[in-house]
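Next come two complexes built around subunit A: one with subunit B, the other with subunit C.
Moving on, here comes the complex of A and B:
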């Protein structure tokens, strides 16, 4: 007996077949990188609790070239996530009106970039301003 | 008419969403600072010194920042990883949810305990 519905479309490499799919996969891959980064921070916190020597060891481990390369990729992917996040958020947030006119989507996206840059600068000044 | 079974999806989606905000507004710069700039010596030696980080972790706002960054980033990450399983042709199963969300939950508890172990000095 034949099985008329047995064909399953192969999935291998589907995301390489169209730029849109590839961008989608790049965005989704950011999840793996930020998850690992959060675990690296958690390890740092753990070492901080253990004491000065353990914490110094954690800082030393961060200078590993492979880990710096990982962080470089993670930073790029987090930034890519940021762009996609700000692009879709106007579709998620409730409609905001000023008088009769609705705040345009492009404004919501742009204002988030402004807030993000302020956040980055504050963080930079707090950390680098010793 | 039948009642639809309740799902816990909104809880995990909310954590994913909150984590997505943290990743967008904090992580690009934080990764640059801790993972690239400091190891390459672009920042002052004291920027991430033991004493300074102990002071940050002793401050209630510092504790809150560390907790939010670590835990919400994880909740965001595991939720997206769970959804991505489908993209690789892996059928979604409940044990995968338990594994990923459970991992995230354990890490959240560990982060909270570590922060509570450290002293509080406003």
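Moving on, here comes the complex of A and C:
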């Protein structure tokens, strides 16, 4: 039970009150951009099923400068989201031990960057080889 | 004192008998390099304004009493030094997300009620008599809980958690970390009972992994880790409850 006459401070604008909260909100809102990107991609797949003309029309629509700008922004936000996720991922896993020594949080974060870089390099080789 | 400087304090005052809402009040405090924010407040109370209210006890970051917002960051005022803030002003207010009872004193009844609710003690898995001897643990079993047992109930993590500020039914980082401390203890047998709190609407699923709780924790408890690894436990608990017998907890 609360004490009588205690004062509860309002939460309005809480995410602007500290840079940490603002970064958190950018991380969370990046999901909206990724969702729109996924919908555009889904539309492309739909057009591919409809036939060559529809697919060519979708590719043509993607050359719109507004859409190019959107994709660039979505890519930046997705990269930011990925970085923040790598940073917080040690928080979501139980402590991992090798023998008696615990794997440090920083190692879990770094190993994900290594895996990501390897994946991108493999992808690059595959795409370049096609 | 030759090396004495003056630092400006701004303190959010709230005296319910005269203030409809909190008001900022300024003080000029002479300080030396070895003085903490808490010592600055003690100077104000002893020399400038005896009506200022705040909690404190040990002065060495052990008791967890003197938590407050120092320049908008949840901090233990006894281990925040004026030399690190000067020449900026020191803006001090009560821990956010809690009701202010008076000046820098928060109403912590919600925290205490939640603390009581998690069975914050070891319920022996197998009761032993004195003749049976101690409950032994290996160093590895101790390592599973040691970090989470360092919590001093200072509530800085609650002041860092916007989810608690938006919905104070959320059990919150510190209590969920303590809950994990007992659930992860090899000697404990009350896990199923505590999992009801973990699995509930206001349990671990109220956390959106802002992560600031672990940043402000003065004891490196890492409550964000305790809360979020229990999302895995809660998920496992949901799927395994289909196979458990009647009487076992959800």
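General observations
Keep in mind that, in the parts below, the second predicted complex is superposed on the first by the 113 of 130 C-alpha atoms of A that agree within 3 Å, B and C clash if a C-alpha of one lies under 4 Å from a C-alpha of the other, contacts with A are read in each partner's own complex, and residues count from 1 in each chain.
Please note the rule applied: a residue touches a chain if its C-beta (ideal position, glycine included) is under 8 Å from a C-beta of that chain, and two chains touch if they have at least 3 such contacts.
Computed from a prediction, not measured in an experiment: that's the story for all the values here.
Of the two partner chains placed by superposition, only subunit B is touched by A:37; subunit C is not.
Of the two partner chains placed around the shared chain by superposition, subunit B and subunit C are both touched by A:28. By the touch criterion defined above, A:20 lies against subunit C but remains apart from subunit B after alignment on the C-alpha atoms of chain A. Put simply, more of the residues of subunit A are touched by B, taking subunit B and subunit C as the two choices. Look at A:11: by the touch rule set out above, it reaches both subunit B and subunit C. Of the two partner chains placed by superposition, A:106 touches none, neither subunit B nor subunit C.
With both structures placed on the common chain, the touch criterion links A:96 to neither subunit B nor subunit C.
With both structures placed on the common chain, the touch criterion links A:68 to subunit B but leaves subunit C unconnected.
On subunit A, the surface touched by subunit B in one complex and the surface touched by subunit C in the other have residues 11, 15, 28, 92 in common. Of all residues in subunit A, those touching subunit C in their complex are 1-9, 11, 14-15, 17-18, 20-21, 24, 28, 88, 90-95, 97, 100, 102. In the complex of the two chains, the subunit A residues touching subunit B come out as 11, 15, 25, 28, 30-32, 34-35, 37-42, 44-46, 48-49, 52, 55-56, 59, 62-63, 67-68, 70-72, 74-75, 78-79, 81-82, 85-86, 92, 112, 115-116, 119-120, 123-124, 127-128, 130. Across the complex, subunit C meets subunit A through its residues 14, 16, 21-22, 72-73, 96, 99-101, 107, 109-110, 139-140, 143-144, 162, 165-166, 208-212, 214-215, 222, 224-225, 228-229, 231-232. Contacts from subunit B toward subunit A in the complex involve residues 17, 20-21, 23-36, 38-40, 43-44, 46-48, 50, 52-54, 57, 66, 69-71, 73-74, 76-81, 83-84, 87-89, 107, 110-111, 114-115, 117-118.
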